[in-house]
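So, here come the structures, one by one.
Below are two complexes that have chain A in common, paired first with chain B and then with chain C.
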Partner chain A sequence: MRLRPGLVTDYRSDAGIFKSVTQRVWFVLLIVVAVYLGGGGSLGPVKFSPDIMILLVYALFASIGALGLNIITGMGGQISLGHAFFLGLGAYTAAILGGVEQTRAGAGGVTEVVIRGYGLDMLIWLPAAGIVAALAGLIVAPVATRLRGLYLAFVTVGLVFLGEHIFREAKTLTGGAGNGRPTAEHRMLGFRFDEGGEVFGLYLSKAQKLFFLALILLLVMGLAAKNLFRSRVGRALAAIRDRDIAAEMMGIPLARYKLIAFVISSFYAGIAGALFWAVVGRLTAEGFNFLLSIKYVAMILIGGVATVSGSIMGAFFITFLPKVVEWLASLPGLADYITKDPSGMINTFQLEQILFGLFIVGFLILEPMGLYGIWIRVRNYWKGWPFSY
Partner chain B sequence: MSLLQALLNGIALAAVYSLLAMGFVIIYKSMQVLSFAQPALMLFGGWWVVYFATTVSLNFYLAVLIAVVIAAATGLVIERVFLRPMVGKPVFAVAIMTIGLDLSIRVFAGNFYDVSPRSTGDPWGLNTFVFFGRLVINHRRVAAIVVAVAVLLGLLAFFRYSRMGLAMRAAAFDQEVALIQGVSVAAVFAISWALASVLATLASLFINPDLGSLAPTNYVLALKALPVVVIGGLDSIGGALVAALLVGIAEALTGTYQSHLTPYVGQNFSQVVPYLVMFVVLLVRPYGLFGTREVERV
Partner chain C sequence: MRALRLHEVLPAGGESGRVILEVEDVHLSFAGVKAVDGVSFRVHTNELFAIIGPNGAGKTSIFNCISGVYRPQQGSIRFQGRDLLGVRPDRIAGLGIARTFQNIELFPQMTVLDNLMLGRHQHLNYGTLAAIARVGKASREEARNREVVEGIVEFLGLQPVRKSYVSMLPYGLQKRVELGRALAMAPQLLMLDEPVAGMNLEETEDMARFIHDIRWELGIGIILVEHEMRMVMDLADTVFALDFGRPIAVGTPSEIQNNPDVIRAYLGEEHGTAPAGGGAA
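Here is the complex of A and B:
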């Protein structure tokens, strides 16, 4: 049995988080490797440059957001193009609670508050960001649960535009468009994640500290999502996704489970938004547009729909795409055509967008299961090697 | 007087929305897919008008004609290359794919434009008609209304009386039965994309009714045709027209009155009004005002 990881012999292991010992071993190994790489120069010989390190941090935080979208879209089959709105809500809630206040001297020596901020601890702003987003999800859900398929997709598009408007106009809270506002600080009980320093006698840079924070949070949220997938809620959602009418016939209350999925998904988005933009350090209203929603949809499509590992793979793929494009632009043959400024035939930003679009189109036509599907096929090939079946 | 002015502007706006919305509805009726690529097609088609009318400096109407032909060809190619392989896939997948297409085409088309808006080179300029001394409407808005009405009447006649129109109606009603009766469903798909692309190109001429210019950022304006389609009901041509009027007038009224009646909701609030109307309508009628309620057999 040990030699055939695809074989499941009892119900317990079929419903388990890890289906086999092999998976458990690989999971632990992956974490050890991640910790080792994250430790960089302090723990081992391999050391990433700071910009790669910070991209890894972004990718890990984006993974949390992608997990959120996968819960509603991948698991529940409800197309949400409004993820940017919930990410934004989380980011702004965190910034208001955890950011610094900006004041200016007004008339008569009175200090006016230009942008609000309470400078609270991460223990407060992080859950608050999730909860505010979840509440918004709760408010939107009654409209959303009445709708099916494409109608829902449009309502969520509308949500993004309404959100963008609010973020742009509520200036004392959000700083509006253009310059924006400072974000929350990664600071928990006096421990600063946003500055380099010694931890247990090891020197860790800012990016490394954030990396470990992100890794731990992703582990928690990822396992929670995995658990959700195999719980009563997860099974109900899968049934709704596969055929909502049949699910209703089986006695699954559609509205309630869609609502649950919406709220949990928004919670994940809020957390991800808060953490992600706190690393960016600046919040502007333009950031939370339709394109951001599409980015997250691309993540779960490219990674793999309704899988935890797929969400993470997709988030890494999309986060590192700009880096790959940059590298492409630096190749001697291509450097003339791909430029950083708009003067060339095509600039890096445009190439990135086109690749986005083409990856979405390509994966949908050729490999609907995403990177996860490719991984499964590669795995099965080697499992059966040298036989093709 | 400002009320009448707002209504007039709203009707002109509705003309543009109805052109874009028709494209959405035609594609939806034939393929049961909502194409997010419409704004990109508008930029793409509009660019050719800009190119032939200003860079090549042809006659404006000739430029529009050439652009329409190119747009139709583009629609055909897109349908054949990207949409045909997706037949039978879940609508969700196809809808997302059109978003991918939208992104790619928009970058492609956006690359033609400069940073500053480009004039479409239309003959209307800044001329205006003035009624009753104070009611002002510029020629471009009048042109928008005339073109929209003409095109829509033409389309309705096409669906009603032509062989292809009949085939399209049959395919929209039931694809498989239509196929058995000898309707080329593939041709229906192709024609509907070509039509949508052409309609988007025509809409591009009026998307900025004050200046008659085009810029890559105008896709946001075109995207507002989405709530219009949803309000009308995805599969209803008449609904799309009613919704276009509703949204156009609502937007124009908010644009006129909101800034001093409710200043606290911020500037440019009229831009999000279509989405708000959509929320309200969907809350009451989940399939839009005139959409067919989905009946499913288990």
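Here is the complex of A and C:
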């Protein structure tokens, strides 16, 4: 007996992530393409330049951060503008645990520690970064769960300024204002992600190794988020977002679930911050400002609120925006108007900021479901193709 | 395949005629406006208890007091012997009190199934970490509770729309989904706030049939707030009439229909002799 396509015969598969064979095949294909592209130089004819490779790595790590924001803001409906703070906490925790110590010779031959660093393994600093950020989320949550909407947004903005101040002033940990400190090293059980080398007989560059690390982590954390969204916790969060009073009368303790969302979201942010800035290589307090929070909000708005694939699309979009602007500036007709220095009509940085704002406004007005919404429409079109219904 | 009966998926009310809800001398006022003014009543298992009264009589306020949304300034509310005053709404829901709302309070961006599964929230017995990993228990619990939800879907005839987004459904169906969500909570006391308001005759008859069947199969306590008098008089065992927050009469439907105070409250002084039956406010 053959089952017709799309027929599910038990509740477990009906609640599955990939309901049809087609979806499963497409997902595997996507991973294969990603691996192929990541392998770039050594696996196939498509070669990315090193700076594109590193941008891909950034985009993958940013995706984890965007997922975190989507859990609290997209799924839970709690507008958080404090994401930069949690990203920063993760980045600094990782740098302190995984970075190298900097010392100088003090008076009387005693070596003084200028910047602390314990040089620990990634297996320690990565989870620790997530946990420290999650703990901070746990501490902030009781205040935040009493507020909602704009008030919560304001409080979380305050968190960013507080964080920036701490990151500037705790000099032995963060290197102080302007100077910054070295970051954690991507080194796990003796395997170095931060330099090129042979892996299973293939030569992989630093960026390629990091790409695969990022891809695996994103797969794991994306799956975790997807599972969360389709569980009782995800439903409870969505219920709180849509109608909190009714949710409470369905037996959902509001404060508890907002707290859970905050903690999980911060954990994701901590992990993303740690990994992202370890690739950057230098950590300065000024990086974790309000603009960074806005960037992440833009990612989920442009990508798609409360969706896993939307978070990833949004992170890629925002990460590659500067590159697109750079490419625009290199076009023959536009090169005179868009320049890297202030001599032209507009410089690339300004154009980037303008586009950034335009995209947020444009998506909010024209496609509130973001790139995800566009994808759904494209998919539905091809589902029915060549018919229009 | 055999049709599921409701009592196979949901717990019944137990021994008929046991007191489950005791409301005693409840007073609730908002800055001088007395919304509920000295209301007392009792609801039993396997009883359909109707609360009627003109608009603003305080019917929904009583529901909100029982659900824990409002805290009355005076009086006591006991459910199965437990004092409900000061208990958080989510805890009260957990004790076995479910309700629907006058203005539909479904989660519009979720499917019918997800709305019903939300009703199962407290029966889904797994934690956040299990939810993230979704192996073993979480997966089993989801499947087991989905079975309960499917039983309710079948009972309410929601099969064709189970995966539709609630916001896409017509009003009458939304009301039905909301009844389903309350049922999914497996309540011992079901509070229905105007379940047929704004419905046409056919939808009203369907809803009346569902309410009747729930009572027949489960024998739980049901409180019904409704303006549709024909339905109330047909279904209710006991009718409780309110006016401006004050209780004016309690009794069987026929007693209430002939009660001069009730007639006065609904139709005013000069119509004091007209019959109340059928005259919805």
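Following the convention adopted for this analysis, the second predicted complex is superposed on the first by the 373 of 389 C-alpha atoms of A that agree within 3 Å, B and C clash if a C-alpha of one lies under 4 Å from a C-alpha of the other, contacts with A are read in each partner's own complex, and residues count from 1 in each chain.
Heads up, the rule we're going with is that contacts are C-beta pairs under 8 Å (C-beta built on N, C-alpha and C of every residue); 3 or more make two chains touch, one makes a residue touch a chain.
Just so it is clear, the structure is predicted and the values come from calculations on it, not from any experiment.
Both complexes share chain A, so when I overlay them there, do chain B and chain C fit or clash?
Partners fit side by side after overlay.
Given the touch rule stated above, what does A:231 touch, chain B (first), chain C (second), both, or neither?
So A:231 only meets chain C here.
Going by the contact rule set out at the top, does A:105 touch chain B (first), chain C (second), both, or neither?
In the superposed model, A:105 contacts neither chain B nor chain C.
Can A:146 be said to touch chain B (first), chain C (second), both, or neither?
first
Now for A:12: first (chain B), second (chain C), both, or neither, which partner does it touch?
It touches chain C, and chain B stays clear.
Between chain B (first) and chain C (second), which, if any, makes contact with A:189: first, second, both or neither?
After superposition on chain A, A:189 lies in contact with neither partner.
Considering only the touch criterion stated at the top, classify A:254 as touching first (chain B), second (chain C), both, or neither.
Touch partner of A:254: chain C, not chain B.
Touch check for A:154: first (chain B), second (chain C), both, or neither?
First partner only, chain B.
With both structures fitted on chain A, tell me whether chain B or chain C touches more of chain A's residues.
Here the partner covering more residues of chain A is B.
For A:246, using the defined touch cut-off, is the partner it touches chain B, chain C, both, or neither? Pick first, second, both or neither.
both
How wide is the angle at the Cα centre of chain A, looking out to the Cα centres of chain B and chain C, in steps of 10 degrees?
For this superposed arrangement the angle is about 80 degrees.
Superposed on chain A, how close does chain B come to chain C by Cα atoms? Whole Å, please.
Least C-alpha distance after superposition: 7 Å.
Across the two complexes, what residues of chain A are contacted by chain B and by chain C?
Shared contact residues on chain A (touching chain B in one complex, chain C in the other): 245-246, 249.
Can you check the complex and tell me which residues of chain B touch chain A?
The touching residues are 34, 82, 85-86, 89, 91-97, 99-108, 110-111, 115, 223, 226-227, 229-230, 234, 265-269, 271-272, 275-276, 278-279, 282-283, 286-288, 294, 296, 298.
For the complex, give me every residue of chain A touching chain B.
77, 79, 81, 143, 146-151, 153-155, 157-159, 161-162, 165-166, 168-170, 245-246, 249, 290-291, 294, 297-298, 301, 342, 346, 350, 353-354, 356-361, 364-365, 368
Once bound in the complex, which stretches of chain C touch chain A?
Chain C residues touching chain A: 67-69, 88-94, 99, 101, 105-110, 114, 117-122, 124, 126, 128, 131-134, 138-139, 142-143, 146-147, 150, 181, 185.
Touching chain C in the complex: which residues of chain A?
10-12, 14-15, 224, 227-228, 230-236, 238-239, 242-243, 245-254, 260, 264
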